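Structures are listed in the sections that come next.
Two complexes come next, and they have one chain in common, chain A, joined by chain B in the first and chain C in the second.
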Partner chain A sequence: MLNMYVSQNKEIAYRVIEDEAIILTPEDGMLHNLNPVATVIFEFANGTRQVKDIIEKICEEFDIEERVAHRDCLNFIEDLVHKKMLVLSGKPAKLSK
Partner chain B sequence: MLQATSAVSRGQSTVATLTSNKRIPIYVFFELTRRCNLLCRHCYLVKEKRPELPTEKVKAIIRQLRSENTLILNFSGGEVLTRKDFFSVAEYARKLNFGVKIFTNGTLIDDFMAGKLAELKPLRVEISIYGMDSKIHDKITGVKGSLEKSLNALRLLRAHKIPLRIKTPLMKSNFSGYREIVRLAKRLGAKYQFDPNIIPKLDGEKSVLRFRIGRRELLKLFQDPDVNANEDPVSGNSEKISDLPCSAGHNSCAINAYGDVQACAILPIKLGNLREDRFSHIWRNSPGLNYLRSIRLSDLKACSKCSLLSYCNRCPGLAYLEDGNILERAYRACVLSKIKSEIHE
Partner chain C sequence: MNRRNSVIISLGGIPIRIQSDNKLLVDLAQYGFRGFLLPTGRPVITVSVLIDDTRDMNAYSYGKPHHTSVVSDSGKFFAKGSTYSGMFDILSLEGEVRQSVAIAPLYLFLRFILSVYLPFKGGFVLHSNSILKGGKCFLFSGKPQSGKSTVARLSSNYEILSDDFSIVRKMGGFFRAFGSPFWGHVEARGENIKNALGCASIAGIYFLSKDTNVYAEKLGRKESVFKIIENMAILSKDREANARLLSLADEFACAVNCGILHFKLDNSFWRCIDNA
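Take a look at the complex of A and B:
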C-alpha cells in the first residue's frame, strides 16, 4: 500500500473551513467532517503522491513520530478508501493543466 | 498519538453542529421558478407579479454561495424544468463543486433529458407521486395524464441509475393508496417519504388544510414499520442541533424565485433580496436572521415544558404560517406528537 498513489474521488463535493474539510459522499448523501490532520491528508491526495509521501508530509507538518504517523495514516486512508472519498491506484494520475 | 493529531473522520451530527456554530450555510434550498405545468390543489406557493431571477443573476448567486462554503444546493420550483436555462444553471453549480438535489414533478422528462440529468450526477432527483391510480393522482395535480408521465420519468431516471426519492403529501383523497407507493419505491430501489402535513399557502391562506388526513389515518401511518424505518440521510437541514428549535438560518436557508432570502422555504419572513444585496451581507447582518438565531428551545414557553417534547417535530415555519407565532405551540405538531405518544406509551 505504501507505494500506491492516492487521489480524491472526483465525484465528491467538499469544502475546507478553517483547516477542517466537510465532505459530501454522493452514494449515501452523507456529510463528513475531517479534523486538520485528516484534511491535510485529503488535500494532499492529488494522484501524484504515494501513501509513503503523505506519511512523510504528516510527520513534517505535525511533528509526529513516524511509526505512529505510519499506523494512523494507513488506517485513515483505508477508511476513506472504504468510504469512497479516496481512490488508490498503481499509477500516478496526470495533473490537469 | 494524541486525538488532536490523529486523522479523524466524523459524522453527520458533528457537521451539523460545526456548520451551525460557524454559521456556514452548508445547505441552500434554491427555488428557481414558481412556474409550473401542474395545478396541484394543495400547493403552498403563491405566484407574484415580480420578475423571477434571470440566468446570470442565478449564476452570480451560486458564485456567492460558493464563497460562503455552501455545499448542497437543492433546486426546486414550481417546476424547475420549465426553466430553459435549467441545465446551464445546474451544470454551473456542479462545475463549482456543489452537490445538487433536484425536485421535479417529472412530467417533462424524456429519455434525452434523463440522460442529461444523469450527466449532472445529482445527489438525488425527487418526484411527487400522489397515488398509483391516475384518477386520484391526476385529480390532485389537476392535469390529466400527469401520473403516467411522472411514472415514466421515474423509470427513465432509474434506467440512468440516478438516485431517486418518491415523495407523497398525504391527504384524505390519496391516503388509502400509500402502500402501493411503498411497493413502487421498493421496485425502483427509490427512497420514499410521506408527509402528513399539508402546509398553508405562503400568503397565509389556509383553505388547503381541509385536505389533511386525520387521527385515524395518522395512527395507521405512524404504526407502519415500512414508513417509519425509511430513514433518509440526505436531509440537509433536518439534523437536530442541541437547544435550537430548528437549523434553518443557522446552517441552511432558502432563496426564492424572486431573490428573497429566507431562513426556510416555508418561513416567508424576508431577510433581504439578492437583486439588491449580496448574500454574505444578508447572511451576516440581517436583523430578522439574527433574531431567528437567538431563539432557543427554552424561549418556546409552552413547548419547552411539554410532556410530549420527545415526540415532537415542531416546525417553526409551520407554526408561523398556521398559528401566526413562531414562538407558540404549532397546532399540527401537537396533534402528531399526541398520536405518537399514544402509540409508544
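Take a look at the complex of A and C:
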C-alpha cells in the first residue's frame, strides 16, 4: 500500500474551514468533518503522491514519530477510501494544466 | 408548445416563463403564483409543462415530506418525485416537466429548478421560513415538524415572506431572502402569508429546537455550515453545484448571526432574537 498513489474522489465537493475539511459526499448527501490531520492527508492526495509521501508529510507537519504517523495515516487513508473520499491507484494521475 | 398559454413569474429575482398547451394549467399557475407575476419582462428560464393524467395527485399531501431524487448528466438535471418527473438543462436554461393538471407538482418542480440553478447565481433554497421584523429579516430553519410553521403563526404581527422554504441570494454584497410561493401549513390552512415580490437583507438564521426553556445558543462557523447544508431543500450529485453550495453556506455563516433557537409555544422567543 505504501507505493499506491492517492487521489481525491473527483465526484465530491469540500471546503476547508478553520483547518478542517467539510466534505459533501454526493451519493448519500451526507456531510463529513475531517480533523486537521485527516484534512492534510486529504488535501495532499493529488494523485501524484504515494502513501509513503503522505506519511512523510504528516511527520513534517505535526512533528510526530514516523511509527505513529505510519499507523495513523494508513488508518485514515483506509477509512477515507472506504467512505469513497479517496481513491488508491497503482499509477499516478495526470495533473490538469 | 403553445406560447400564448404562458405566464411569466419571478422567483428569487429570476424571471421564469411557464408554458403549456393546456390552458387550464396556465390559469392555475397564474392563480397559484399570483403574488409573483411579472406582466412584462424577458424570462431567463423557460419551463414547459406536459400533461400526464396518469400521475397520482393523491400522492401529494400537505405537511408530508416529498422525496425528490436528482441526478445530473452533462449539464442536465433530472428530477423525479411522486407527482412529477422532469429535466432542467442548466446550459440552455430550459426545463420540461410531466405532471397532472395541478399546481402542487409545479411548485415542487420549480423548487427543484431553483435548487440546482441558484448555486450558480449566488443562492440556494433552504428549509426555513423568513420573517420581517423591524426592517430586518430572520430565517427560522429546520426539517419538517421542527416548528417553522408554528413560529410563523406566532409571528402574525410581522410580515412573513415564506413559511416553509426560503429563497436566499447574495446580491450587492448582502444575503437577501425573497418571498416564496413554496407554502407549508400556514398557507394550506388559508392563513394569510404576505408573499412579497421583493426581498430583504437577512440579519440572522436560527435553527429550531422545541424546548421548555427559551434561549438562543450561538453557533460557530463550522457548525453553522453543517446546519445550513443539512437544511438545503435539495442536494444534487453535481460536484460543481455542491462546491458552490459549500462556499455559499460558509459565506452566509460568516455574514449573518447563526444560532439554535430553543423555543416553546408562544412568541417569547422574539425577545431572544432582539437581544442577540
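One rule holds in what follows: the second predicted complex is superposed on the first by the 97 of 97 C-alpha atoms of A that agree within 3 Å, B and C clash if a C-alpha of one lies under 4 Å from a C-alpha of the other, contacts with A are read in each partner's own complex, and residues count from 1 in each chain.
FYI, a residue touches a chain if its C-beta (ideal position, glycine included) is under 8 Å from a C-beta of that chain, and two chains touch if they have at least 3 such contacts.
Because the structure is a prediction, the values reported are computed rather than measured.
In the superposed pair of complexes, A:57 makes contact with neither chain B nor chain C. Touch criterion not met for A:49: it reaches neither chain B nor chain C. Looking at the shared chain after the overlay, A:68 reaches chain B, while chain C stays out of its contact range. Looking at the shared chain after the overlay, A:41 reaches chain B, while chain C stays out of its contact range.
Of the two partners chain B and chain C, it is B that touches the larger number of chain A residues.
Of the two partner chains placed by the overlay, chain B and chain C both lie in contact with A:29. In the superposed model, A:18 makes contact with both chain B and chain C.
Taken together, the two complexes place residues 11, 13-15, 17-18, 20, 22, 24, 26, 29, 31, 33 of chain A in contact with chain B and also with chain C. Residues of chain C touching chain A in their complex: 221-222, 225-226, 229-230, 235-240, 242-243, 245-247, 250. Of all residues in chain A, those touching chain C in their complex are 10-15, 17-18, 20, 22, 24, 26-27, 29, 31, 33. Chain B meets chain A in the complex at residues 1, 4-12, 14-16, 18-19, 22, 24, 26, 69, 71-72, 97-99, 121, 123-124, 163, 233-234. Against chain B, in their complex, chain A makes its touches with residues 11, 13-15, 17-18, 20, 22, 24, 26, 28-35, 37-38, 41, 58, 62, 64-65, 68-69, 72-73, 75-76, 79-80, 83.
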